[in-house]
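A short write-up of the structure that comes next.
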Amino acid sequence: MRNTAIIRIHCPDQRGIVAKVTDFIHRHNGNVLALDQHTDQGEKRFFMRVEWDLDGFSLSVDEIKETFKAEIATPMSMIWSLKLSDQISRMALFVSRASHCLFDLLARHQAGELKVEIPLIVSNHKDLEKVANQFGIPFHHLPVTKETKEQVEAEQNRLLEAYAIDFIVLARYMQILSSDFIERYPNRIINIHHSFLPAFAGAKPYHAAHSRGVKIIGATGHYVTSELDAGPIIDQDTIRISHHDSVESLVQKGKDIEKLVLSRAVRAHVDRKTLVYKNKTIIFA
Amino acid sequence: MRNTAIIRIHCPDQRGIVAKVTDFIHRHNGNVLALDQHTDQGEKRFFMRVEWDLDGFSLSVDEIKETFKAEIATPMSMIWSLKLSDQISRMALFVSRASHCLFDLLARHQAGELKVEIPLIVSNHKDLEKVANQFGIPFHHLPVTKETKEQVEAEQNRLLEAYAIDFIVLARYMQILSSDFIERYPNRIINIHHSFLPAFAGAKPYHAAHSRGVKIIGATGHYVTSELDAGPIIDQDTIRISHHDSVESLVQKGKDIEKLVLSRAVRAHVDRKTLVYKNKTIIFA
Amino acid sequence: MRNTAIIRIHCPDQRGIVAKVTDFIHRHNGNVLALDQHTDQGEKRFFMRVEWDLDGFSLSVDEIKETFKAEIATPMSMIWSLKLSDQISRMALFVSRASHCLFDLLARHQAGELKVEIPLIVSNHKDLEKVANQFGIPFHHLPVTKETKEQVEAEQNRLLEAYAIDFIVLARYMQILSSDFIERYPNRIINIHHSFLPAFAGAKPYHAAHSRGVKIIGATGHYVTSELDAGPIIDQDTIRISHHDSVESLVQKGKDIEKLVLSRAVRAHVDRKTLVYKNKTIIFA
Amino acid sequence: MRNTAIIRIHCPDQRGIVAKVTDFIHRHNGNVLALDQHTDQGEKRFFMRVEWDLDGFSLSVDEIKETFKAEIATPMSMIWSLKLSDQISRMALFVSRASHCLFDLLARHQAGELKVEIPLIVSNHKDLEKVANQFGIPFHHLPVTKETKEQVEAEQNRLLEAYAIDFIVLARYMQILSSDFIERYPNRIINIHHSFLPAFAGAKPYHAAHSRGVKIIGATGHYVTSELDAGPIIDQDTIRISHHDSVESLVQKGKDIEKLVLSRAVRAHVDRKTLVYKNKTIIFA
């Protein structure tokens, strides 16, 4: 695995952005491996992700940060970030009682499909402790009631800091997090909602889908914001159903699509292919 | 093409329904060509569609109606209907300015894919008169304003009766029909809504989808009821989009799926494969 | 969970089959829960699956077998089988090195999604022994070479009999079974082929798909017959790819669809919803 | 509609390509509207499409050609082409008896969805003359037999030249073109094959699909090469079928996907988003 640098940018649209960024990489002896850009004509905003090989690159990481900032980012009013492919993200899993998303993420992790570290699993129920044990991941049982929610979130925050967690995946956690909690992890909490948002936001979406008689159900992977089920969408998918499906079979069929969409959303985040602007995502190729 | 009879039924769930119906057909020398049934366990309601060959059947159509009613339908408290495959439905098309659904339905009709008669096209704009002429279908231009709506609907009703129309397809008609009008055609007005309902009900769904940043858009073919965009869904489909798509390209991509879903919904209706119960549809195989 | 009886039938098409079968159930005080039938007009062959509640049914299982055979099956030249929902199938898993299908099936089993017993896992490599241990399933390492194949199959057969296995799932087993072995388990060995058959049959389908430049890849769940990759297809699915995908990323994306299709094929088999006739399947609703 | 320039490039992978191309555009006062690039790591080959606004650009079209060639294309061993968005392609349609693809393309053209001119329709049968007349496109009936094929192709070539045709769409033409004919239009003949290639290449793919018992069928839009059904694939799509589908219903369902895939393939070609290398396509965003 070669070590690469990834820069994600957004800035007001203006002439010469790609030329300047690629010239910067070229001048310092870098080889572009992937480049994807997008201009939102309505917002007059430019978005870009570029990844290049660090082998033979003439600048150190600190020098990249300084030089890129001084020469390009500041003059062009860029919001930007630099990541290195050898920085492995540390992911916390929040779960409740349903095992399908947890099994899927842990199996992918164990098989080497998902390049993250998983230092801990947090749950408000004990049901999935066995699964955590099967995969050898520390399990923290933190039951939540209306009364204890604030203090549980404080404990969760303590754990997340102690384990130096980069981002959180709500793998069917089924609890609403406080705004305070969410704001500590902007665009770093990923949730799977078990419907095709914005259809059937809120609780019990499969009951609502059954009641409305839809012919397709879906799932939505999104970043969590303080407005419930309204954060930037990372990925969605749908499957066809019919009048034969009871609520129970919708739940069953929905699980397959929930775990698929959640794993794709997590992968996009881990590969630094997501960029959020004004509550919408750019997902780079 | 052989001539067949189609009976659609729903009734309280009870023992022996399939046995009695199929015995009735068998006793009178009929051969079942297709049979599909469904029990809604929650509603304790039974649904069935059966189609049999009339060649050699020992009862006339009137006798079928009488005998079936007396022996089976009434004792089992059935809501039921009998259709013959050689009864060709008469379909009215209501359009406005967008041509894609109109072209698609007329091309299918001309190619023999859609077994209906199309005696007239009604529109509130003149834009599609040329298309009607290309396909040789009478075009009625009835512009609608708030003030004239009542009187226009009266004229539409007059035309529908004069042409002995069985059902109406709103092929992107873009006008809201009055409850009075709708109630004359219960489960006989089919609309294509250009979103994956219930997401983005109402006007300008592609603008709403773009603004929300969804990754999939859809279309919904449904029967029209007096509650806007809330009628029984016949068919839906979805396609993947991305941040590259502007509102204009959503509209463009959406057209492909709108015309596909609408044609499938119309075909299901024409083939007598739909059954509505409590604002939901059973779509038989 | 109520106890139900499931009869699957195929026979020459003839009048009155549904009437006679449903009358049989009705006469003996059974309540039909699901009925699906199909007539292949080309083959003039009739197929049917019917499931009814055994609660209150007036015949014992042995009496069903005798009476149904004498009164209906023999006179109508039926090939048929009777299964009871409380007969839990015993499934053997054959695996090699790739873990994704194994993880998926074991996770579903542990979560109660898959109503089978899994008495053993057989593998020609030791790689997945750890996974078997995580889920507490006995693992049998039986390495295969050209020289030992016959003797390994003898040992496999011994194990399958010792554990009273009903059917075998090749969860990416990657070994070709002998005709002798296959013929012991007609329509009872399920394989997942990692392509959209019949495209790219044989080894290395992702390499072949990449080389041909297809825009969609797929997976196929099928019963194994002695002709390689040519057995009756149970389920298939596809996903969109692009020129960005290397062979490695095809393999990665393919895994998601392989495990999904395999699980659906296994579920169809376990729910007694499959019927094979002339190398094709009927999959009942 | 602004006037834009589109350059498509492929060349050996080397450092600084994007930098040099975008610097060229930037130096001459161009504003990049879209840029998509891809590196095939296996082939060590670089592919790129860039589109920029010509408004205010300091070079004329001839100067672009000269300067880009001298400064960039030749030194970097590029295969490249320049197109202007105001060059409207001239498309010939070859058809036979099936009308669905013809109707779809003509309806899109009339509705302004497809930015091409269609000077003529060529057919070996008279069936679709009526459709050509409905849309006001000249129709040339050129029946083909084994004996007359060479002379018919000569006449077709004469027409294509007389009408200054840029590319040909085989909208279910059902005749095999000679290598001589094909080689005059490299990557400029688009065919719709009514199966998911490479499955079921050759004649009667729906019969083959029915016989094999697949659960999904597809369609493939591809450039025609002298090897039958083996040219570079532009787009594909699939739909789910079942044992209920006869050959006739496969044909019917297949039509919907054929016309959708063909229209997308034509659009990609018209928008200059395709690039062929070694019998595979790059489809730019």
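To keep things simple, chains are lettered A, B, C and D as they appear, and every chain counts its residues starting from 1.
Simple rule for what comes next: contacts are C-beta pairs under 8 Å (C-beta built on N, C-alpha and C of every residue); 3 or more make two chains touch, one makes a residue touch a chain.
Source: prediction; values computed, not measured.
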| item | value |
| --- | --- |
| A-B or A-D, whichever has more C-beta pairs in contact | A-B |
| Far-end chain from chain B, centres as C-alpha averages | A |
| Chain A and chain D: spacing of chain centres that average the CA atoms, whole Å | 37 |
| Whole-Å gap separating chain A and chain B, where each centre is the average of the chain's CA atoms | 41 |
| Per-residue multi-chain contacts in chain C, two or more chains | 244, 285 |
| In the complex, chain C residues that touch chain B | 15-20, 22-23, 25-26, 29-37, 39, 240, 285 |
| Residues of chain C touching chain D in the complex | 38, 40-42, 47, 196-200, 212-216, 218, 232-238, 242-244, 246, 279-283 |
| Partner chain D, residues of chain B touching it in the complex | 99-100, 103-104, 107, 110-111, 113, 131, 134-135, 244, 252, 255-256, 260, 263, 285 |
